[in-house]
Structures are given as C-alpha cells and as structure tokens.
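What follows is subunit A paired twice: with subunit B in the first complex and subunit C in the second.
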Partner chain A sequence: MRNLTNQLLLFKKYIHELNSFRAVIQSRCYSRPTSFPDYFQNPIFRKEDQLKLIENNELSKLASVPIKPPAVYETSSVYHDPLVNKVINHVMEEGKKKLARSLVEKAFENIKRIQIERYHLATTPEQKSKIVLNPKEILHTAIENCKPLLQLTPIKRGGITYQVPGPITEKRSLFLAIKWLLEAANEKERTVHFPEQFAWELLDAANNTGKVVKRKQDLHRQCEANRAYAHYRWQ
Partner chain B sequence: MSNVIKFSFKHIIPLSRCSYVRTKSTCLLNIKGYSSKAATTDSDVFDNFTDWETLSKTKKISKAMRAYLERAKEHDEFMKKQQFEFSIGKRHLANMMGEDPETFTQKDVDRAIEYLFPSGIYDPAARPLMKPPEEVFPARKAAEFDEAGRPHHFLFYTGKPNFFKLLYDAAENIQFLYKFEDKVIRKKETPYPNQNLDLSNTVWFTKDQLEQHLVEKLTDLEYENFKLVMERLISLPYSYQFKDFIEKFRKTLTSQKFALEIPKPNFDEDGRAYVTTYECLRKKARGDVTIRSPGTGKIIINGKDITYFEDTQSREQVIFPLIFTGMQNKVDVECNIEGGGPSGQSGAIRWGIAWGLRSFVDKNMLEAMQVAGLLTRDHRRRERKKPGQPGARKKPTWKRR
Partner chain C sequence: MFTRNFRNICRRYSQSVTFRTTETSPVQQNDNQVGLFYTIEKDVCKKLFGHGGLPKSYMKQTKTFTETTLMIRQPALDVIDCIKASDLNKPAIRYVLYGETGTGKSLTLAHLIHYAHDAGFLIVHVPWVSEWLRRVPRHKEMSNSQTREGFVDLPLDAAAWLLHFKTQNQTLLKCGDLKISKDYVWSKREQTSAGAPLAELVEQGISRVKYACDVIDALVYEIKLLSNNKQCKTFVAVDGYNCFFYPMTRLNTPTKKKVKPEEVTLTTTFMELTKNDWTNGVIVLSVDQIAVPEDHQESYLPKYLLYKKGFEHLDPFVPVEVGRYSEKEFLSCASYYRDRLWLRGPEDLETELKLASACNPYKFMELCAPL
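== the complex of A and B ==
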C-alpha cells in the first residue's frame, strides 16, 4: 500500500516536473547574431596588460562595460605570443590552422636544435653567452630586422609612372617583413622541407644577413635613388 | 516586413464572430492619410507670435485646422476602440490561461501568446504579438499650427522640425564650445582636469529609438548625420558643459550581472565543495561543467582526460580560465559535452569553467575575469546562407553578360 502511495507521489512529482519543463521548451532557440555590437570592448586578458590596468586603477571602471570574449586562438598562457600567432596565420593556407601551427612549431624546434649545437660547439663562456637559445626571441629580432622603413608608390604624372618613395605605416611594414620571410622560405628545393628552410631564414635575418635583409636594403637603396621624385607625393 | 501580421485579440478568440486579421500595411495607410506633424516642444514660441488674422475680428478656422481637428477626432475614437478591445482581449486571454484577469500583466500576455502560437519565424518582428495599442500604433503629433493655419515651429517647413531643431542645437553647442576653448586659451588658464564626460557605459540611440524620441521618420543618411554631429560634440574638450543635452540621446547599457547571483557551492560526501554550471553553450556544442574544490587539477571531459581534444589550441582554451585565475592545481574539473566540433566544445567548457570559478575566487579576480572577457557568453552562431548568392555574404562572381 505504502509502495503504491509512494508511486503515486512520484507520478505527481513527475507530472509537475513535466509541466515546468514544457515552459522551458516553449522558449525556442532562435537564430542569434553573428557578431558583437560595436559597443563591446576588446578583452584585455594577458597578465602584463592586466597589471598595467591595476596600476592605473582602471580595472573596476572597465569591469562595468560589456566586453567581447577572447578569440579561440588567444590565451593568457606565457606561451601565447601575438606575433607568433600572426606568423601562423600568414603560413596558413585554406584555413588549415593545425597544420600551419605544427609547421611553425617545427621550425622553432629546428632553430632550437641549431642554436644548442652552436652553444655546445662554442668554447669560451663569452661566445656561449652571445648565442640566443629562445626561438621566439629570434623570430622577434628577425622580423624587426626585416621591417622596411620606406616604400615606393607608383604615381602617374604627365603620362609617366614614377616610383615615388614615401613613409610606410607600422602595419604594412610588419606585413611586408613576414611576407618576405615566407617568400624566401618557400624559394627552396623540393627535397628541403619548409620548417628547415624557414628556420635558416629566421636565423639569417636575426643575424642581419640573408636574402630578406638584402631585399630590404635593396628597397632602401632604390628609395634613396628615387629621392628626386619625392615631391610628386604632394605636387 | 509589410506582410507582418498583427493578431488582434479577436483573432486569438475564435468564439467571437468578427474574427479578422489586420495587416500592418493597412495600418500604415491609415497613418499616411493622417499626416499631421510635429508638436512644438517650446512653449515660448506660442507667446512670441502675433496673429494679425485673429486681431482683425474675422475669427475664421483655416481649412488645415479643420481637417486636422477632424482627423484628430477620428484618431481618438479609433484609439479608444482599440483600447477597449485590447482590455477585453486581455481578460479573455487570462481566462483561457486559467489566471486572474485582474493581475494579468503584459509579461503574462507575451508568455500566453508564445504558448498558444508557437512560431519559429526568423524575424522577431514577424512573430504573432498582442501589445497595447499605444505600442502598436505609433504616437502622433498634436497640431503644429494655430487656428489661422500658421505653424508654431520656425522649422516647420523643413518637414522634420524636431530633427532639424536637434541638429541646430547641437551645432550651436559646438560653436559655443569652440568660442569657449578660444577664450580659455587666450586667458592662458588650465582646463579643469576632473570634469570630463564619462560615456563608457552608454550608447547613442539607435535609429528606431531616435525616431520614437522625435516622433519623426528618419532616413539612414539623417541618422548618420545625427551621429556625426553628436560625435563631434563629445570629442570637444569642454563637452561636459552640455552633459544633459548629450545624455538625452544616449541609452545606458544593462549593468553587468557577473557579480550577482553567484551560487553558493554545495558539498558532496567527501566534504568537497562543488558547483555545477549547466547550459554551457558555444556554437553547436552544449554541456555542463562541475568544479570541485579542493582538488589537484584533474580535468575529466566525457570520461577522458584533456587528451579528449587532439589539437593544442582546444586544450589551451580549456585551461585558459584555470591559468588566468591561478587555480590550475587547486580545483578538479569534470564536464560532459556534446555536439559541435573541438573548437565549439572547448569554448563551451572554457565559459563553463570560468562561470563556475566565480564561486571560488575573490572580487578583484572577478573583475579581472570580466575585463578579460572570460565571463561573456559567446552567443555568435553560424550565419545563414542567403538565397541568390553562394554563401552568407559571398556574392557570385561579376560577369559582364
């Protein structure tokens, strides 16, 4: 008997739950927007950036504003580097990010191997201290060394197109540096793999030698040669 | 949009004989036929004008005024009828839903309509609704001209007096601020540093809101102009002087709820505190995340450890909130997740962990998590493909013929 009443109670409970559940089902999953409205601020998630905010006492002020979530490729981990991310995106073809990332990481591994070999071959402590072992540091110096300071823009005056030198924006110079590095890395024999060649190019560029630095210097030289046309930028 | 169907209450109740469907287009026609415009907000305009027609004893009502009075009367009657119908309809609806008609609010009405007319139509504006007539039929302006037919407002003949008055005021304010700045520079005074405009948690009215505020229809170009002028105004260094004017056209954003309603952790049989977050969504993935404290940093995803995800990026995403809060060795995480791919699943888990960790971190860390965007739900979904083009945004290649 008790069993039966228990069951009845359970049944009643079940019906009640069903009713409340129906109310939930009623709210359908309508289509959501595909982007955030423009008043959403960009997130600040890297530890060093956040420390700056805490120093300036802006943290609580920013916390009251809606903020976008960080993208899938961003983390606050110490291994995360925006520049490396940029390079990975430039290496990527047809959206195959996993492959691109593995290629860049393989190149870093090659750099590390080469540098460690050099480190052990070096005899004196001064020579040893000069060798940079961190591949990310090498990437940063390599890109810094490849960035052009000037650019040539074709301007048509009197039916003749002149190559006119002018200043370059920070963004474009970064783009050109990465593009040139990758073009140099892809100019290889078929038997050589991309990570090996890319590692060599990065080491060369970090050392201020190699194809890419030469290309940059060529551009600078041409800008210097075309100095006479500079006034066409504003005339 | 023109085929949007508004269900009047009669449509909802099949018992009444005269059930009909009113379409929005007919409503609009009514409104167009009724073209009286802007009531002047400034009362001082009334005092200023001297009406020579009324002075010269021929107290004649102009044709425009007569037509307006007729239309106004018609409209009042119409609205009264709508009001009456709406209130009866609401009572019927309350009875149908078995609730008390006296305490039946608009919220209950919306819920009842959604229950009785479930609709999966894409555009929210096209779904059935039952709203008070004041919201369905847009507000109209009172007479803008006197009995002799002369307009009150000095910008009446622009067609949109309220809008152009707004632009005019904004431009005047800008001119004033320019002069003020010149004066300050000439006197070589330093600007007061602590007086500045904080507009971080407000946004400009959207076009619809502005239209409602001004009771005038605007074109996209006019709205752009409004934004341009106001942006220029707030970019000036002394714009705090017109704080009231600026804030009249800004809407406050809803306050963040991350610090509210933080759940108290429950305790399991081992005496460990745990918090479960249900409905962790991202793209097509959905699941739940349980956080146990104290723990040793064990992560279990669908019965496996973090190697459930094959790519590094997803693994990084899962441990992102743990690393950010420095709790990677202090809590255990257990999650069930289904649907979607690795990116969506890891994103859902990331949000779930961050949301659950609120119960175990202090207030400063909460603010830091909010600024890092970890507590924001990523509601973005795949955009639908459009007919006539190969993708959501992609257009077919241009061909001359």
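== the complex of A and C ==
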C-alpha cells in the first residue's frame, strides 16, 4: 500500500510538472505572419483542459471566438506529451519529423531496456522502488536538471565587452537545456548510434551527473565569478 | 484528480487477467489455454533455437523480459491437433503457414518445433531461407559444386546448418539407433561406410566444410529412408519457404553470373525433402512476404508468394492462416507486457494501442516500446 501511495505521489508530481511545462510550450507564437489573423485563439485539444473549461464555465465564452485548427502533433492521445514533442522538434533536421520521432522513440526504448535490466538486477524491494522505469519521467527530470538558472550576456562598456550575469527566462533555459542535451548526444563515436548515446545522456542527466549537468554548473560558476559586473546590466 | 487516479490504480491491481499457464509442454496444451503464455525452459530454448529460429526483435524481448515465453495460439494448436489425428503411414502432409507481416508465423513455427521436440520427432529446421539465398555478407563463401555440373554450393551456410541440426537433435543422434544405408565416398581417403551412425555423417559435414552441401544431400536421402522404414518420425520446418521460388537470388558466381535459386544445391535438397513421396513425416512451411524483395510483396497469400511453380510443387497442402490478435489474445498480451513492466500507464492506453496497432502483434510490440 505504501508503495502504491508513493507511486501516486510521483504520478501527481509528474502531472503537475506537465502542466507547468505546458504553459511554456503550448503557446504557439509564430515569428512570421500566418494565414490566421491574430484574434484567432489557440485550440484547446486536451480532454482534461476541456473538462476544466466546462468546470469553470468558460466554454460559452470560447464558443463565439474564432479558433485555429489544431496541428497534426496536437492530439488528445493518452501518450501525448508537449515536452517530448518539443524535443522531437529540436532533433528534427530539414523537416524530417518522422525520422526525428523514430530516433527519440528509439532512445526511449533504450532507456526502458536499460532501466528494466537494472530493475531485474536489483535485489531488495527498496532498490527496486527507487528505479524510475518511465522514460518520459526520466526525460522530464533530465531536462529539469539541465536547465540553467542564470545566463551571461555580453555587454560593451568602455570598449571592453563584459560577460554580465543575469536572470534567464523560463523559455530560454528550456531551450538551452534541450540544446545542450542534444549537443552532448551528438558528440560521440561514429559507430555509436544517436538513440543509444541520447539515452545514456538522458539517464546521466536525470541522475544529476554527466556532461550536460557539468556544463550547467560551469555556467553557474562563471556567473558567480562575474558577479562584480552585474551592475553593468543597468548602468 | 486524486480520486480518479486512485480508482484507476485500484482497478488495475484488482482486475488481474490470467495470462500465464504452467503447462510447459505443447503436447499437453489444449483449447482452454488459447491466448495464454507459456515459458520455454532455458536449456530447451538454447538447444532448439541456439543457432537461430527466433526473430531478432523477439530475442531482444526475451533478454529484457528475462524469460522466453510464447503465446499459445489457435493456428499452432490446430496444426498440433492435425498432426496427432493424422495417420503417419500415409504420405507426409504439408502445412503452409501464411499471414500478414508481424502476425507471428515464425513464432508459431517455433511453437510447433517445441511440440515436435517434446513428441520425439527428428527435427529438420531451416531458420530462414533468405539467410542463404538473399543475404550476402562481405565474406559469403561460394563455390561450384564438385559433384553436380552447373550447381553452386554454399559450404559455410551448409556447415552452419548442420551444426544447427546437430544441436537440435542431440538426444536422438546420441542414442545411435539411426544408421546410414550405403557407403558415401567423399574423396580418396575419406569415406563414410554403411552402418555408421547418422551423427558421423553430420560430423563429417561440419569438420570438412568443403563437402557440407553433399553431406546435407546425403542426410536428407537417409532421413527419408529412415522415416520410410519407421525408424524415426521426422518433422520438417522451413521458414520463409517462398524464397526458393523467387526467380533470382542475390548470389553471384565468381564469373559475375547471376544465380537462380534452382541452381543452388541446397534448394534442390530441400525441394526433395518437401515432396510428399515419403511417409512418417510432417512438413510445416511458412511463406512470408519479407522473405522476398519488395517488388513481390503485394499479397500474403500462398498462391501469390509461391508462384505457380511452388504452388504446383506443394499441391496438395493444408493452408493455415496466422491472424492478428483476437480480443482475448490482445488483452492477455497487454497484461503480460504490464507484468513484464514493458507497458505502463492508465487503462485507456490499451484501447488506443489496440486501435493504433490494429491488433497486429509486432506492431503492438513496437508501439509499446517507447511508452
């Protein structure tokens, strides 16, 4: 029973995380003008979001507002995950989404195989309960662990460019985390396949170790060292 | 939110579908166990499929699941019932397994081989015909046949197959009741005399790779003779049989001449074995779309895949269709995957997966992989 509640708590945490991500990821803002005028609303395609609308009696408001059609990747499927979709889009090159998707899914499969193997190797139930088997959960924790909290911006003062530390937006830190993870995964031997390496990087990052977490910590250290320049941000 | 999750989890743990059976011997299995999984013991699995016979993706699964389990399905049971009911003194009956890609023809064949092993058959099993005719690795050994004019030998493949044959039938070969009927002279100094055990013939092929193809030829002749004399009963299983009838192979002779399948000695040998001019035997063949190149994969029906030539060669045969999962089989498979931690998540996942995979076993397995 304790195990069960434990799982439940984890699950709730996971859902909460999902919702916070969704706020960042799901806003579809385009850099170029689209065929839809800007008073068109983004579609609400998740069943649970629609339920929430009904609960808050906001559905009638939306009824008279024009709404964009949902994109192909915006489904009400059970295994839809906006963050996974984001990562797939980052992996994608030249619009080959099918390939990108297969690569990410292969990586998930590898993670799952590695974790299940570890699960079977573990001897005690406590050890077993510690192992996270859900690859999506691992991706979420990995990205959470890789997100930087500060950034350095080059600012020119008196002919010298200073690396000035400053706060970072949620969106940019997410971008950097995914970018670093992919860069780390692509830095590999020619004979190793991308999904394999990506799986290892994700597992490392989820464990708070590995190249990417180190890179984040290096950035933080650099920010700490340059704190004397911080006033250049407003002077 | 909380109550709903809690309810879901409670439902999942209470509603345990039986998906396993303890009946490990296919001889004992009956219709009550359709859709249930049974475990093949490790040493039997190694003995029967150690040198191929299970698909690669399935082998990967067995490693992850730490066990080899097969689902008991209707086609396999049907064939087993037929074998039990038929009179072995009549000419050998040929069963042809067919079905869409990924529905489990090879695994049905594996199930049948396990049955044959338990029922004491001599197993002649070709894991995948395309391995010989269509797969050309960098060092494919090929030579012109010494004994037959205009034929091509595949000595390394033949020797590997002999090893497979030896491991599959080690118990039968060890007891030494099976003797060969006539002298075989391989060269001036090497010969296998009449009355020697069958194992010696096999050993000869493995140790002198040059003669492996001729050894298989002799072996098939002897097996047919032994079966006719009621000294053993034989179970022939060939996976991807239609590959023998596709007009071209991917092999080239040293003079860059394309080789037709009927010019390969192994083809003629196994053609000989799949005729029904012998008794005391069972022949199970599978025809597969992926055994032939893409230009001949429009239909999965045997008549299309075997061409006219193959169809006439096999006629009359018993077609056995291996279909997609039924409702019950799908649920049992899903709960097995849940048990093996391969599938996780809410209950509604199953309905969605069922729709997305269209109950195709291989598709289902693939779709579960990243979840």
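Some notes on this structure:
Just so it is clear, the second predicted complex is superposed on the first by the 201 of 235 C-alpha atoms of A that agree within 3 Å, B and C clash if a C-alpha of one lies under 4 Å from a C-alpha of the other, contacts with A are read in each partner's own complex, and residues count from 1 in each chain.
In this text, contacts are C-beta pairs under 8 Å (C-beta built on N, C-alpha and C of every residue); 3 or more make two chains touch, one makes a residue touch a chain.
It should be emphasised that the depicted structure is a prediction, and the values quoted were computed from it without experimental measurement.
In the superposition on chain A, contact of A:P135 is made with subunit C only, not with subunit B.
Touch criterion met: A:F108 reaches subunit C, while subunit B stays clear of it. When the two structures are aligned on the shared chain, A:Q50 is found in touch with subunit B, with no touch to subunit C. Looking at the shared chain after the overlay, A:Y119 reaches subunit C, while subunit B stays out of its contact range. In the overlay built on the shared chain, the residue A:P70 is in contact with subunit B alone; subunit C does not reach it.
Of the two partner chains placed around the shared chain by superposition, neither subunit B nor subunit C is touched by A:K216. A count of residues in subunit A touched by subunit B and by subunit C gives the higher number to B. Applying the stated touch rule to the two superposed structures, the overlap between the subunit B and subunit C interfaces on subunit A comprises residues 77.
Residue ranges on subunit B touching subunit A, taken from their complex, read 114-115, 118, 120, 122, 124, 200-201, 203, 253, 255-256, 258, 311-313, 316-317, 319-320, 323-324, 343, 346-347, 351, 364, 366-368, 370-374, 376-384, 392. Every residue of subunit C that touches subunit A in the complex is listed here, in rising order: 1-2, 5-6, 9, 13, 60, 64, 66, 340-342, 344-346, 348-349, 352, 369-371.
Only residues 26-28, 30-36, 39-40, 43-45, 50, 53, 59-70, 72-73, 75-77, 80, 97-98, 101 of subunit A touch subunit B when the two sit together in their complex.
The touching residues of subunit A, counted against subunit C in their complex, run 4, 7-8, 11-12, 15, 77-79, 104-106, 108-109, 112-113, 116-117, 119-120, 133-135.
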